[in-house]
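These notes concern the structure reproduced below.
When the chains are written out, they are named A, B, C and D in that same order, and each has its own residue count from 1.
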Amino acid sequence: MPASARIPPPVRDKVSDRVLKTIDIVEKFVNEECIPADPVYTVQLGEGNGRWTYPPIMEDLKKKAKNLGLWNMFLAKGHYKEGADFTNLEYGLMCEQFTCGSLRKATNNSAPDTGNVEVLAKYGTDAQKKQWLTPLLNGEIRSCYVTTELDVASSDATNVQLSIKKDGDSYLLNGQKWWISGAGDPRCKLYIVLGKTDPNNSDKYKQQSIILVPSNSPGITVKRMLSAYGYDDAPHGHAHLTFKDARIPEANIILGECRGFEVMQGHMGPGRIHHAMRSIGAAEEALSWLFTRANAEHKKPFGKLLSSQGVILQWIAKSRIEINAARLIVLNAVV
Amino acid sequence: MPASARIPPPVRDKVSDRVLKTIDIVEKFVNEECIPADPVYTVQLGEGNGRWTYPPIMEDLKKKAKNLGLWNMFLAKGHYKEGADFTNLEYGLMCEQFTCGSLRKATNNSAPDTGNVEVLAKYGTDAQKKQWLTPLLNGEIRSCYVTTELDVASSDATNVQLSIKKDGDSYLLNGQKWWISGAGDPRCKLYIVLGKTDPNNSDKYKQQSIILVPSNSPGITVKRMLSAYGYDDAPHGHAHLTFKDARIPEANIILGECRGFEVMQGHMGPGRIHHAMRSIGAAEEALSWLFTRANAEHKKPFGKLLSSQGVILQWIAKSRIEINAARLIVLNAVV
Amino acid sequence: MPASARIPPPVRDKVSDRVLKTIDIVEKFVNEECIPADPVYTVQLGEGNGRWTYPPIMEDLKKKAKNLGLWNMFLAKGHYKEGADFTNLEYGLMCEQFTCGSLRKATNNSAPDTGNVEVLAKYGTDAQKKQWLTPLLNGEIRSCYVTTELDVASSDATNVQLSIKKDGDSYLLNGQKWWISGAGDPRCKLYIVLGKTDPNNSDKYKQQSIILVPSNSPGITVKRMLSAYGYDDAPHGHAHLTFKDARIPEANIILGECRGFEVMQGHMGPGRIHHAMRSIGAAEEALSWLFTRANAEHKKPFGKLLSSQGVILQWIAKSRIEINAARLIVLNAVV
Amino acid sequence: MPASARIPPPVRDKVSDRVLKTIDIVEKFVNEECIPADPVYTVQLGEGNGRWTYPPIMEDLKKKAKNLGLWNMFLAKGHYKEGADFTNLEYGLMCEQFTCGSLRKATNNSAPDTGNVEVLAKYGTDAQKKQWLTPLLNGEIRSCYVTTELDVASSDATNVQLSIKKDGDSYLLNGQKWWISGAGDPRCKLYIVLGKTDPNNSDKYKQQSIILVPSNSPGITVKRMLSAYGYDDAPHGHAHLTFKDARIPEANIILGECRGFEVMQGHMGPGRIHHAMRSIGAAEEALSWLFTRANAEHKKPFGKLLSSQGVILQWIAKSRIEINAARLIVLNAVV
């Protein structure tokens, strides 16, 4: 059963044949190109410090994806004039496939670039767009979204402490950030940084600004690469960054001073659906592994297939219900 | 927000304006007629043995329901030629309102009659339909579905032991049944009984037959009324019945001997959706009670509204998600 | 394995042989006297209004219990001079048996009398003790603990509104109470009532008083008997009471005005252990029913014993762990 | 409150003052020596291939531990004549401290050596003990327990396939093993290997044998080091091993051919308690981190301490109950 046929019926009836066809092309691209590319990618990546360069096979995949029309599907025309011709529901349906990491990168739909592109597309000046949006949409450079800090509860963005202080016709940035995803990628040229330009503003939602920071700016140092569940996810990486008198031109501010919180809120909507649908895709994949293990003829503990055990079947049934329910909840939110 | 507006969007788009309008008429009927009728019903019902007669206010409600066109909505034309002009999805949507007991009875949509009507409509002969189906559809008599037994695991219908034995041109029934819902209602005239005509048949799905039994047949005794969670649900009731040489004409068999299991399977489909949607309606009502209690100004333990406690809010949020998910799962199964 | 042998070893080593022997006598009394008495009790109780008299078999059981030395075990000598020669740990161990209702009543260890006896033993004057404590300890009368109200969050006892107002050398009581357990028993002669003598006291823990109220005082009416999970628990019952200018002598106050909250706190300690251990006994009994059902040879759905299903075994294993853990937690709190 | 005072009272009463004192010495050693040693260990370990050598600070810790009498506490005299003077309950109580990795290694109580020592102490010949047990007990060498295989369900030990075939006066080993913990340690000199000497034996519990294998035997290769949750746990490590005609003297068999399953069962008892109590110690530590975070003054999302949120307090309360219950269950099993 192709991916398009697995969409819940009342939702499937809402999307065009073109979208259904694209969903199946995505699935075919995953099976025929991305999955076979994975071991090549691993070998090219290598070990030790060599891991922080970019495996060349990704450029091949990108060319193939572009030829299939699979490029920048995330940027819904409904939201941005530069957008692809898909609604957020339509791209959301594709996102179930995007649990395959190679696919995200090959089609230029990988986070955090997708959210960053949305910021630039929605709030950027023409100059900012020319410098950063165009090469991001072309897949020529990568970017980071730089918000989380060590010393404050960063789930509440009003708490960030990094200082952005006017100094002549530029800003000086001072502070620390961590868990900055993608900062290990050698192609990462742009940091989109949240900090405070007006820490004493009586309106706590007006204290913050967002500024575009070239990743090679003097004063910025990668202090160390962090690991998540033990993995450093090279060459993507999650960095601890320090800013010491990093000088950034005033033209790099987004929308204007004190509008940082507003910008953050503005770019988060579509991504919620994307993240949710990718999680559902990951859950489907995990469940398929459970099926495979439960029916593995050569792996019978105590002489019986795991799938002959009622408890295992109960796990599978419960997972099936939970995944279906989650998918319907998410899609219903965006229909 | 009227009931029709609370239907999940992709499902709502599948149903006609007539159905949406009917759903809102049902809701209005519940609020304006059924809920006010409840205390009158309770007073008319009384206590002690008097509880086993039928409160006259129900006949008033029935007339009002018929005038509003709210009658026998459960019998989908898609399934039966006698059916109402609603699909099972459409009636399923109405079922969320049917947690109000008076509503079910007033509109002739109450179990177990609904399932029994389906059996007669689908499998009955013309004579059987004339004798039983017509008065059931008119709301003149009530019926029971008689399957569960004391001494066997009745969740597996092949286990039933009640004997249905040919004797001349009639059958003799011997055995016991319990948890027979509706047997306390003085208007109950029909038992639809599952038993065994051929207990030694090598095909265990061919041993059973279903037969139509007048409730006043000699040899049948109500041994006692049972309670569920302490309630006897008078005047509906749940009975323990004994059959001792109860003689039933052979023409009362449904479809023919040895087809009992087949008949049971055939009548269970639509009801699964009805039960599920009534349960969801009950869950919505329970959640609304939680809202009311959590915000009761006069019931503040330790000086604070319950709704100011995070744990209570977590209960509410979790319940909201679970109910929405369940509704989407059920409706998606029938769209 | 007798009950004494099922006590967790490190706890068993803490109790004397006399206690272990008593625990086994209790178990024998349950099996040989109380369980056989249950059907007699039910027949004697009857139906309808007759249910609110007391079945005579209970007096027989009481005599037998007294002869075995099983009487008032709850009132620990460590707490009260009138107490039995058991610590709260020792009686707590016996409480696992007290899930059998007949046992509680036959041995004079039934709630709410146990807590009420503790109040009188700890805080009563000699006159109060003579009038109420002696006949309660003799099992001649029964009593209620009257705190919960309709219109306030009664889990917070500072909220109670019933007015206790000085009028000459007596008090006038006005207000309503509900869920008053034991008020249906014809032998109930005493209400221990919580209300407010000083509703404007700035210390909200000094507003309340507790007063001893003869159940037949003019001005007190049983408005109706309530049901819990559908059951009215006759002849014990749970009542809704109204108080209208009920006049009570001032000598009936416990400890003095404004000490009601203090009295409540004082009598609640030992009962926490008793309730917990009775619950654990009930859980053990429920688990034993699960064993019985899972191994019932004549109740095999789909041809297999329930105990051959892994999911059922998982339920049993999880229940076993949870009950053992709960017992250890409770006993460790009192060792 | 020192560690000895946190032991549940009925269990504490079962252990001697010497044991309580030792438990407090262990706690002091953790706080004053092991925790300060952790950052030194990390620096000495280094990165890249250097990680697979052993940090010298561990030898210092071992000397200090020996001076404090903290050495080989796991080997209960009740079980083995070489054992320390602690029962399994007493060492189990100490195990709550052993969540600190440095402590396990410094005191020679680290897995898998503890279980391996038990095998040698219980089943080894004098020659085997002299060659392997003495240096293990002295902490001079390390060892692995080699059972799990890639291609079979290894939770059922009867499934192992590695071939142990007699060839003259030695055995030839052929097959693969993985998840072999400790195989990365440069001091690891001994593999205790489970395989099949008699794969066609009609008794499936007699097919297996266990043999002592010097880790540097020709024919054995470390194919790769695996990671667990992303971590390779260097220099300990978890290896994938291959055996190709590895020749081992026949004197290295444990107990004799076909007794492998018996040996496995024999050495698993005490370790169950050790693992459980270490897990409980880890849970306590995790809960202490939750306390710390919930009360972190500088990390207040949305202006409030996390500990002011009821949901967080509920997590803490539930965790407290679960940990206490688990500890009582485990200790009750061994008292």
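The definition used in the following text is that contacts are C-beta pairs under 8 Å (C-beta built on N, C-alpha and C of every residue); 3 or more make two chains touch, one makes a residue touch a chain.
Values in this document were obtained by computation on a predicted structure and should not be read as measured data.
With chains reduced to the mean position of their C-alpha atoms, the one farthest from chain A is C. For the pairs B-D and A-D, the count of C-beta pairs in contact is higher at A-D. Here the CA centre of chain C is 50 Å from the CA centre of chain D. Chain B and chain D, compared by their mean Cα positions, are separated by 60 Å. Per-chain Cα centroids separate chain A from chain D by 40 Å. The touching residues of chain B, counted against chain C in their complex, run 48, 151-153, 155-156, 159, 227-231, 298-303. Contact residues on chain C toward chain A in their complex (touch as defined above): 309-312, 314.
If you check the complex, the residues on chain D that touch chain C are 8-11, 13-14, 321, 324-326, 328-329, 331-332, 335.
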